[in-house]
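Consider the two complexes below, in which chain A is the common component and chain B and chain C are the respective partners.
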Partner chain A sequence: MTHTSGTRRARTDRLVSWAGALAFAGLLAPVLGLVLWSLLEALALGGFELRLFAALVGSLELCALALLFGLPTGLLAGLHVAELAGPRVARAVRMIADVLAGAPPLLFGVLVHSTVASFTGASSLLPSALALGLFIAPAMARATEELLSLVPEGLREAALGLGLAPWRVVLFVCLPSVRSSLGGVALALGARALGEAAPLLFTAGAVRGLGAAVFGDSPSLALGLYASMSSADPAEQGKAWAAAFVLLVTVVAASALGRSVGERRA
Partner chain B sequence: MASLPPPSRKALAHRGSASGQAIFASLARAGSALLALATAATLGLLVLAVLRGPEVLPGLASLRYNPGTGELGLGGLALSTSASLLLGGLLATPLALFGALWLAELAPPSVQRPLLALLDGAVAVPSVVVGLWVAVVGGAALERLAGPGGSGLLSAALVVAAMSAPTIARVAYAVFTAVPDALREGAIALGATRWEAVRVAVLPVATRGLVGAVVLGLARALGETIAISMVVGGRPSAAPTLRGASGTLGSVLVDEYLDAFRASHLATLSAAALVLLALGAATHLGSRALVRGLTRRPA
Partner chain C sequence: MSASARAKVVVEDLRAWFAAPGRPASEATSALSGVSMRFAENEVTALIGPSGSGKSTLLRCINRMHEVTRGAGVGGSVRLDGVDVYGAKVDPVEVRRRIGLVFQRPNPLPMLSVRENVLAGFRLAGEPVPQAEELVESMLRRVALWDEVKDRLDRPGTSLSGGQQQRLCIARCLALRPEVMLMDEPCSALDPVATARIEELLNELRSKITIVVVTHNLQQAARVADSTAFLHQGELIEHEPTSVVFTNPRDPRTENYITGRFGRTTGS
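So, the complex of A and B:
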């Protein structure tokens, strides 16, 4: 815009650019500030200890198990809507997925707590993972369906023209062409599930401090954070801040990784 | 599609494909059925709990909520929920939309990718962390500003803003990038500056999707229970009379569901959950309709 530089319009343009950059900075500043703040606070209160690592491992384990439940369910439902179901069934399943995606995640904990948890007994990992799986599945279903709708019709027709059975076209031609995007979605959902504590209140049994045994009462960093923060003891609060720091770094790293995986061309 | 791999040999061997199709179809159907089952079970559970304590239904719209004295009206909670959503939305929306506009339209191309990755990270920030921060840092500041006990609603609004702003920005970014380049190019060819091109050519097309972005972001904050409970509920300093004013439909669920043993109390909480479920479904379906056809990628 050299020909307009110095005019009022060019000044407005520059002004809006700077203001926009400022707004974006304001959007990200809380996150970056939060990382730094929780690190400093945790260091000051001596919150970092070895048991934090155990809680992280427990959280990752829980997250992996939840993905194991949620991803296939969501993927299959998405495939069903995109490739097999008639328009009426597709609309119904889509609506169900939207209802589930819009539900407060806490309700999945309530559901598992009052159905499955009475069979699985005191073990907390399995019901917690089921609840988080329910949190993951609807989003995965919608993402799968939308990604499959982006696969070019020509690719599908070419594969069918080669004599492939329709299900092979879906599994070995369509899905592989969107696999990196699906991987990105899966990672992002894993990151969301890692930080979700509300359903675990109902499924993880008694809430204890951070770093109980991995298969014990409190396998989750997010839940441990919630338990520790309500304590007035500065040492417990230090643990809460340390957990917040570890959780933030893990979650942000996982979702950034998800973005880079999702953008790789298949 | 220049660089697609050739179909693997496994894909081309189509022996037994009829049974394969049947297996594939039934597996896929099972996936959908599981989702339907979960929805039905959740709804059934809540409706059943409401039916077990039907005596609370007439007083449900009352503004007073105090389980200790048996006052079980959800009206006050609904009011404070809407107030915190409104306040938080007012805080988050301008920042998020303007920030997304900058990132999509005005930012130098070299910083777009790394900043987008950071924005994705911000979307994933766990609500417990937001709750911790607002409770400890924001709460103290607000208390100094508004006096003790007066900070409940403001803290809740802060949580809503912090939870929804990244989501709003992320969806808005997807909406902006879905606007065809030809519109911008046309405006710039006519002599518009970058900002004028956005204002004249992009914003009118994107408005519907931007509304959808705001609704989707607030929907996420609506389902947020634990962070708001961390800042307003169960805090020993909050007087019992202020609880009704500062708790929300979501935060009472976290605070009280596990300890609710009376059928009437459980029925009230289940009714609150049903309201949240209905609102969440409505906002999700509504924002889908608004954003549909505008974004290329699922946001």
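So, the complex of A and C:
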């Protein structure tokens, strides 16, 4: 090894790490920019007010209910495809889940609005949560199936070899071995549902700006943001920016939490 | 195999194959082509043969683990106490509980501690274990692991060394009190001392349960087995009392193998 080739390698190393840092900054900039921009706009227009937190709580409620619908459904569907279904059924369910996961979220709102919503009357919480649940379930199903397919064959065999019923092996050996990854996926999906306004356009009843939201009305932050931002009133726009800021911070925090839960070793 | 001994397991015209996913069985690779043999009750039977001769496959067919592999198929019959374990009314879960298998590769359950690994067969089946602590200690003592792990019973089973994991898996299998115990190269990762202890264990268990042990260590087969069977390319070449196989083999292929003239590779 000569001296020159050594320094050249060091220089290449430095170049590559700089390029990496630059690319990272390129990805980070829009996120930070958006957070800062919304914060400044909201402050300038006096958008922060207590009602915002009512909306946030409403959003979180809605999100929790949606997870309650979507996660178990997705989990069971994923389990079924991975462990029980024959190859033909598995392929069909997988395709349906992929189509649903890729469908415009708006459509879930339309679907729920045109079917269930006519029975639930004035309440908008239930149909909204259903629409978001439909949005979550297919992604959860695919993630469950994929994670289960990564469970090493040796682990499954070890448990079956002990004379355990197959359903016990899935429930008490395979699922626990991927539980932290599943938790991460669930949180990430929760974060996505939190920021989603489109499925709610049809289910939330009248789309009102954040200024109109009152306690107990279970308004959605994302939907309110959409409505307020479209308003010509600068005060409403300020509220929208404030909502954007709160939403961004919450989603980033939830995603980060999901990531760290997912990476924790079981 | 003494003439008087009752047969605990009878294998008849056993065929086993592996098909690639989505391919017809006609294109499958055959691992066993018509094996017929009897395993005497409460005796130790050794299975020897070159790598790839079908020893592991034979064990896995006996306790219905073979079918767990994707694309794997089986034909013929395996009778346990006269009942075909492949019969329509037989639950494979029950078969695996009565016929324990110690796998070729040690496979402690990674999310369970050393202690819970010993109890895994009960705990994961939702069965209560009376005097669990005593059971754990006595099982770990029987496989000569207690002194090495008694201070780290709460560490993950996978934190043990390869040889320790191998003994942990034997303990886990033994704890379930199987009627038949199938052991696939149980000493492959063990040092001479631990190996000697496992051989002692086999001697203790003889006359209590039926044991089938796969080994590449011919001296070990000679030391522990009442009878020895030689497998070659998916066929049973001969199965005789151990002394006969090692001193006066009937088939030239057996003789070639035990004198080291072909195919004597270790492990895989």
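Here, the second predicted complex is superposed on the first by the 239 of 266 C-alpha atoms of A that agree within 3 Å, B and C clash if a C-alpha of one lies under 4 Å from a C-alpha of the other, contacts with A are read in each partner's own complex, and residues count from 1 in each chain.
In this text, a residue touches a chain if its C-beta (ideal position, glycine included) is under 8 Å from a C-beta of that chain, and two chains touch if they have at least 3 such contacts.
All values reported here derive from a predicted model rather than from experimental measurement.
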A:V261 touches, of chain B and chain C: first, second, both or neither? neither
Partner chain(s) touched by A:G20 [first = chain B, second = chain C, both, neither]: first
Touched partner set for A:L164, first chain B, second chain C, both or neither: both
Partner chain(s) touched by A:R156 [first = chain B, second = chain C, both, neither]: second
Contacts of A:P138 with chain B and chain C, given as first, second, both or neither: first
Contacts of A:C174 with chain B and chain C, given as first, second, both or neither: neither
Of chain C and chain B, partner touching more chain A residues: B
Which of chain B and chain C A:L39 touches, first, second, both or neither: neither
Intersection of the chain A residues that touch chain B with those that touch chain C: 154-155, 159, 162-166, 168, 172-173, 176-177, 266
Contact set on chain A toward chain B in their complex: 1, 4, 9-10, 12-13, 16-17, 19-21, 23-28, 30-31, 34, 37-38, 72-81, 83-85, 89, 92-93, 95-108, 110-111, 114-115, 134, 137-138, 141-143, 146-147, 150, 152, 154-155, 159, 162-168, 170-173, 176-177, 181, 185, 188, 191-192, 194-198, 201-202, 222, 225-226, 229-230, 237, 240-241, 244, 247-248, 251-256, 258-260, 265-266
Parts of chain C lying in touch with chain A, wherever the complex brings them together: 63, 65, 68-69, 93-98, 100-101, 103, 105, 107-111, 120-121, 124-126, 169, 172-173, 176
Chain A residues touching chain C - in the complex, by the definition given at the top: 153-166, 168-169, 172-173, 176-177, 266
Touching residues on chain B, where the partner in the complex is chain A: 1, 3-5, 7-8, 10-12, 14, 17-18, 20-21, 23-25, 27-32, 34-36, 38-39, 41-42, 45-46, 94-96, 98-103, 106-107, 115-133, 135-137, 162, 165-166, 169, 193-196, 219, 222-226, 230, 234, 250, 253-254, 257-258, 273, 276-277, 279-285, 288, 296-298
